[in-house]
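Here's the structure we're looking at; comments come further down.
Naming follows writing order (A, B, C, D and E), and every chain is counted from residue 1.
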């Protein structure tokens, strides 16, 4: 609850800052509309925004679950086999280095223009931070504990399960918090590549029609969504880190 | 499984300097060997060598079991630091070995052990909410849970008050009867009370020290024990 | 020399022929202009930057200009680059769509959100359909791939001088329904826009004079001008651009500064009828003839 | 060196996999060209690619330095003041939740079409993972050590400098490794927004004109660049983590 | 700065159960008070309370210094675990306090201290390459570097062999002369050797135990010392 209050305080502060920037720099409204204008646009289009936000929220939720599971599994696999790690990590980076935008035609070819391609896009984006952060945690178990586990005759599988994974949960938390922020962007990019619903679609539409205020209203909705997601994930990750 | 005797001979270098010159020591089968020596002389290192754990330095020599079989899987170790896993409760830490081997832990025995080390009331607590001595006793319980023929204990009672310490010594001596035990300790009284064999480790040699003639566990106040203890202490002081 | 910043609508391609030729043949320099040409990825951005005073001129699209002016951007058309629509409804040549009427129940892709749906609506209306008879999908900038791979059955927003050639080269020939033949008022596809409040009319006159001269050169010497164009950057010299050049040349505005008020009035009315705007603005706010005294 | 060898092995493996996908799925070349075609395109355009890659590399290098410094400073500030953290973090997330693409017109308005706007874009992208990961490390110093430092009369400033920062260096490493992967994407997105040089420009050009092979050649160059950067940063971060 | 006496009285509850009932103890100014007691009875807790460090439980009562001034900034603590920073060398760990206060550390004194605790040769090593006893001596050196009137030591010599331990006791006694010292220990011999006052802590009371009449440091082999030690040990055993 505390967190949520601060989140709203921050949202308010952002609004003030935003209005301040608009006043001070005199940036024209078609580049950066004032919060008041955006608020009006948001209110006028509230049904439209809500409908599209719901679509994006579903994509994000799905992607977050899938991406976390995939990322966690990958990290565990990589940590279990140093050779696999050395071979696979560069490949992972390869795939990450390719802007998803460039992969879009391939993805839509395989996954179509439905929800799947957006989820895949978001999964692609969050997969790497989750994998990377969790992997780092898995490989930083103090040597003394591993020595003990080995003299106890622990199997690698059980050592992973009982020692490395619990030890790396705080690091997984770090990755999850990043993922919470990236997943919505991933979904929006997915929508940009081809969609007929969702906040990303709405943004493009508003952009094409030079309705900058509607675009920023969608952006603001997206930002709030991300913020709530981050608050939720931080709670989960704090629980993971507390032992 | 019959406990083997263990023979260690060799020298150990670390970062180019010699930690101990060729030394030679035997842990007799089924008996307690107590090792004493100055801080930093290499007691824990020898323990790690026998346990087969990765060491920074370079050991030249060999470690053999009297039955000719490798030691891997037959050794249980209690390290100098407690190495408790902070996310597991005392009970879970105690049964960690079985869990790591993928076996079903003997919770009955674990409960008994915790009872004996005086932690039954604290079985559900996390290590962070234990006192130093309680942590050490948890580590001891975890080591005793492992039913291995060779047991290596690195200052297992150092954080315990005199009363608890004597109790734990009795407990360990009882449970590790007929095992080959290496006990690293700083307390001559402890060595004299528990050791079938006492070894004083210096940079040059692993020098045996004759224990009292009675078998352990010895009465701490018996004249012979007191005498032996005083002489050992004097010897250790001289060895500086 | 006067500095001029020109934002293209998209990266350099044959549509920008007169600008490139004027630059290469020194026609800008003759007019005492030094033109900096910048290419963006988002075609909606350049008009905004001109409106914000970040650039002097931008290449944009007539349909978008109407909407932008309605949204309060201080923009005005000052010249024409391509004087016919390029937009078309693109389908597979050997596909099932023989006429737009066949689109009933099918998927149509489009790229830039905004007017394209309205245009498609008009085409559908011409053929007795409505927007609810089809599924619209934003395919962004992969128009021909999405069509060639069968993801959609048609795309609106493809350029007739370009996507057709591209599909030809890829071996999946396409077919265009020209928007102005399917019920839409004709319009200028590519125009130059400037900031209504801050534009330097003299400079724009000279700029347009230089592009006029370049266009004449292109018409008179199509092959030499292609050589010049292709020679400016190695990435421009390929078969696709060569074909696109051939198809684009006849569409360049021979009189870039000339203005047809009726065109702008008709399109303004069309947008209003389509419900995209809530008023009809006088042509004078949308476009001007910079050469008028 | 070992690492580099594995990196090349991975690159080779990726190529094989890629060729395999092309063969098996029979995906048309205008969507996913075969490595052979891409190789030919890369060779034919080697000068072009090299020139543009150099531009992007400069942007990435600058962004990585600036982003790391800014991120590290922010993390330290946030860790020094829990209140600041609670207020500022939601704002940070707000800024992160906004896809940089949407901010592009504002950024170009302020930073122009030169290298600055690309660097800013890349900095924006790497800033968050660096801040987030480093912050997590800074706030996970064992309580006992902090208690000791406080009874010693340590100033908060020195505790930060002598204890929290060194303790969090491995976490900073985690963040840096993510940043190394994201910085090139950031620069490319910056180039998409408006540029006449750089790999992003080249990609866009090739993409729009269906020169898929040239696009993939640029992509592959970008991926190799990212990979080398990641290898370098991993070395640095391993040094940070080793004490 | 004159070392104050410290008065602690109150009771301590943790998780709803009482750790110690109202107890009352005084650390006389400029003297050593040795506290003994069963493992888990609350010795470290008392030390933490005096140090003013956050505790899990709930303390009802008060802790006052005889000069009426707050204790903050006048206490130096050596905790039960060594708390060495793994990224600093032994020397750097030793001067940590000064560095944390933003002062220029007295490297001369640090060098001397490391010499006295026998780590001069290891001053440049990182804690990970130290033995258990060497780590403890580093922590001791770090505590002794702090020149505070009140010093709280939680089992500072538990990982040391008898010889080194005696040396460290002498060293600490010398350097902490005229300071108010609280020493938590498990070794009755240590308490009898060093304490001006000896307190046996139980759940109900902090019960003083009369030390030998001679002032510390006492000769460990003097009959009175041996006698006192034996009786204390017997008492501790009984207290079980």
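To be clear about the criterion, contacts are C-beta pairs under 8 Å (C-beta built on N, C-alpha and C of every residue); 3 or more make two chains touch, one makes a residue touch a chain.
From a predicted model like this one, the values you see are computed outputs, not experimental measurements.
Participant: Let me spell it out: compute each chain's centre from its C-alpha atoms, then which one is farthest from chain E's centre?
Facilitator: Greatest centre separation from chain E goes to chain C.
Participant: Which pairing of chains accounts for the highest number of C-beta contacts?
Facilitator: Answer by contact count: the chains A-D.
Participant: Could you please state the distance in Å, as a whole number, between where the Cα atoms of chain D are centred and where those of chain E are centred?
Facilitator: Chain centroid spacing, chain D to chain E, equals 50 Å.
Participant: For chain B and chain C, let me know how many angstrom lie between their CA-based centres, rounded off.
Facilitator: Averaging C-alpha atoms per chain gives centres 84 Å apart.
Participant: Roughly how far is chain B from chain E, centre to centre by C-alpha average, rounded to an integer in Å?
Facilitator: From the centre of chain B to the centre of chain E is 27 Å.
Participant: Mind pulling the chain B residues that touch 2 or more other chains?
Facilitator: 81
Participant: Got the chain D residues that touch at least 2 other chains?
Facilitator: 31, 101, 105, 109, 192, 207
Participant: Got the chain C residues that touch at least 2 other chains?
Facilitator: Where chain C meets two or more other chains at a single residue, that happens at 42, 48, 52, 142, 145, 149.
Participant: Let me know each pair of chains that touch one another.
Facilitator: A-B, A-C, A-D, B-E, C-D, D-E
Participant: How about chain E: which of its residues touch chain B in the complex?
Facilitator: Checking each residue of chain E against chain B gives 36-40, 43-44, 56, 80-81, 118, 129-134, 137, 154-155, 158-166, 186-188, 233, 236-237, 239-240.
Participant: Would you pull the chain A residues touching chain D in the complex into a rising list?
Facilitator: Within the complex, chain A touches chain D at residues 2-3, 6-7, 9-11, 13-14, 17, 27, 31-32, 86-91, 93-94, 96-99, 101-102, 105-106, 109, 128-129, 132-133, 136, 140, 170-171, 173-174, 177-178, 181, 184-185, 188-189, 192, 203, 215, 219, 222-223, 225-227, 230, 241.
Participant: In their shared complex, at which residues does chain E touch chain D?
Facilitator: Interface residues on chain E, with respect to chain D: 48, 51-54, 73, 75-77, 79, 81, 83, 85-88, 96-97, 99-102, 126, 128, 146.
Participant: Within the complex, which stretch of chain D touches chain E?
Facilitator: For chain D paired with chain E, touching residues are 143-145, 147-155, 157-159, 162-163, 166-167, 169, 243.
Participant: If you look only at chain C, which of its residues touch chain D in the complex?
Facilitator: Against chain D, the touching part of chain C is residues 7, 10-13, 37-42, 45, 48-49, 52, 54, 141-142, 144-145, 148-149, 166, 169-170, 234-235, 238, 240-241.
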